[in-house]
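These notes are about the structure you will find just below.
Chains here go by letter, A, B and C, matching the order in which they are written, and residues are numbered from 1 within each.
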Amino acid sequence: MIRHFAWIDLFYLVAALRWTLALTGVAFVGGTCVGALIALMRFSYLGPLRFLGNLYTQVVQGTPLLVWIFALYFGLAIFGFSVDAWTAAACALSIYAGAFLGEIWRGALLAIPRTQWEAGASLGLGFLHQLRYVIVPQALRVGTPPTVGFLVQLIKDTSLASTIGFVELTREGQTTTAATFQPFSVYLTVAGLYFLICFPLTQWSRRLERTFHVTR
Amino acid sequence: MSLVEITDVTKQFGALKVLDRISLHVERGEIIAIIGRSGSGKSTLLRCINGLEPIQSGRIVVDGITVNDPKTDLRRLRQRVGIVFQSYNLFPHLSVARNITLAPTVAKGMPAQDAIKIAHDVLRRVGLEDKINAFPDQLSGGQQQRVAIARSLAMQPTLMLFDEITSALDPELTGEVIKVLEDMASSGMTMLLVTHEMGFARRFGSRVVFMHGGRIHEQGPAADTLAHPKTRELETFLSAVLH
Amino acid sequence: MNGGRLRSLLMAFQRSSALGIERVSYQFEFRDVLAYWPDLLSGVAVTIMLALLGMAGGVLVGILGATAHLYGARPLRIFATAYVEAIRNTPLLVQLFIVFFGLAQIGLRLNAPVAAIITLIVNVGAYATEIVRAGFQAIPRTQLEAGHALGLSGYQVFRHVVLVPALKMMFPALASQFTLLLLATSVVSLISVNDLFYTASIIQSQTFRDFEVYALVGVVYLGLALACRSGFALIYRRAFSRR
């Protein structure tokens, strides 16, 4: 039965948007944990740690997100883990986000001038204390605009979870299209909904960047 | 006819009047030192002369060309007026040779061999002929400034403008640049310098123009005016600069 | 690809994994997947082609967009901004569906490869617009002034003073954009374009070797990405270092 693209469909799309945001949230938290670890590893004095961190980043950034999603969804089942779409998508996105966030935060750490380290050291602070009290607070400020920018990217990347059947906004769009046979209206609406969420974040990221530069 | 005729020129940045009814005539061969506090309008005046800044009222005529006339081909004017900036503004991606030969070959259509010969000549005049194939980031500040002077000289201008060209240099590097200015002065080039170098102004300047609050507060023969300022403001300024 | 040596290597891996992992009652069988190597190769070719076409078209669009943004009239600037923001704030997958499914509904029926290329060009174009614009805006005004002060025309200043430094600034961003594009082309598999990722899903459905297929394809993508990075680094050094 082909029905018309009506307000009820818009309601379902917006409801599916919740899952987009939920997946984004989980992936961001997961990615933050991984990313913070990676950033510190790549920044540490120990060669092997740095190497592992760099290896992780290169490998994850050099493979498409779809590969991770499919590998985790289909591949993990082989090892005896029962993986549902939500878990696979959340894990894949966390792994993916971890590499990019790690890169952003390592950049933020590197952006703090050597003179700050020297000031901390002259006061008698050790490496970890310098990091905690002097460097990281400043790095957080530097790293926030690109992190918010990446959050936008993450929201868009959740659309790929639709490929393994996870019902977020894009998947709901596919379902609605199948029911109404109006892909143009449906997908334009879907795009519009993504835009409504992403655009304010993009603007915020830009504003943060400007304020940061002004205060510097 | 004077080489430069500035008549009743006013320039504003929004509500701020930077030049207030300035009139100044510059004869061929004169060396004018324009001095004054920062914000007195000296650099702006210089930049108006070759059309880098527009004026709101008045007239500027350089070598017969009216600068503020909208119909004027500023490009042709600028080929006759050389300007050297405080931050040298060399083109970092081009070698010294190319920096110097760019305008003659591209804007004047000069053949490459002639341009290179001129490059050698001007670099010899500023004492940097051996650096002809170097790149700007391989040179010291003083050397870059001298290349900038050479670059302007390569266009064989009738008038040279200098906008505080020693202000960005370390003290020990200003000497080499001053020497180039002295050579140019001796060879009869018409020069307008916005400068803090009172020594050069006193020895080589024909006239000193003291600007204050957008107006020409006092002017006169260089050595004389600097030794015996007539107005209080100039006296204060000189005592601050010369301690 | 030396099949024989690779096979013996994989058999060794197989034996070790069969021995080492007791819990898993699964044996890795890359052989089945590798038997499809002609299809995988053509998948790689399609992926590379999509990336090249998408990048070429996208950069062209980017140049147009940046020009519109920097020099266009207000309506043009607004249009360029709207285009960039619309693309950057919506997922590539949705853009693909709009072009392939959506346009078909309103009468413009495109076949999958064409729809894929158009979507990629439109997508890359938005990011390229920003990169090109940033490249040109990064040139300090003082460089432009120095060029104009030497009597160069607008076009001459662009060609000799702005172009090369701007390209140098843009190159790293454009290079990483290409690498991202290469990986992002995997999305077109969802409208059944025969790229590397689509080939992978086909092989998966025929051999049921899920892990091996995606692991192998992942490694191939990784190889392509690393090749791109080193390739671009080499080009950058060759093109933009001292001649």
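FYI, a residue touches a chain if its C-beta (ideal position, glycine included) is under 8 Å from a C-beta of that chain, and two chains touch if they have at least 3 such contacts.
Everything numeric in this text was worked out from a predicted model, so none of it was measured.
Visitor: Of the chains present, which has its C-alpha mean closest to the combined C-alpha mean?
Guide: C
Visitor: Sort the chain pairs by how many C-beta pairs are in contact and tell me the top one.
Guide: So the pair of chains linked by the most contacts is A-C.
Visitor: Average the CA atoms of each chain to get its centre, and name the chain whose centre is farthest from that of chain B.
Guide: So the farthest one, by centre of C-alpha atoms, is A.
Visitor: With chain centres taken as the means of their Cα atoms, state the distance from chain A to chain B in Å.
Guide: Roughly 55 Å, centre to centre.
Visitor: Based only on mean CA positions, could you tell me how far chain B sits from chain C in angstrom?
Guide: Chain centroid spacing, chain B to chain C, equals 50 Å.
Visitor: Taking each chain's centre as the mean of its CA atoms, how far is chain A from chain C in angstrom?
Guide: Result: the chain centres lie 19 Å from each other.
Visitor: Can you list every residue of chain C that touches 2 or more other chains, as numbers and ranges?
Guide: Counting only residues that touch two or more other chains, chain C contributes none.
Visitor: Where on chain A does chain C make contact in their complex?
Guide: Chain A residues touching chain C: 58-59, 61-68, 70-71, 74-75, 77-80, 152, 156-157, 159-160, 162-163, 170, 173-174, 177, 181-184, 187-188, 190-191, 194-195, 198-199, 202.
Visitor: Chain A touches which residues of chain C in the complex?
Guide: Touching chain A: residues 23-24, 26, 85-86, 88-95, 97-98, 101-106, 179, 183-184, 186-187, 189-190, 197, 200-201, 204, 210-211, 214-215, 217-218, 221-222, 225-226 of chain C.
Visitor: Spell out the residues on chain C that touch chain B in their complex, using ranges where they run on.
Guide: Contact set of chain C toward chain B: 142-143, 145-153, 156, 160-161, 164-165, 168, 242.
Visitor: Which positions of chain B touch chain C when the two form their complex?
Guide: Chain B residues touching chain C: 50, 52, 74-79, 82-83, 85, 87, 89-94, 102-103, 106-108, 135, 151-152, 155.
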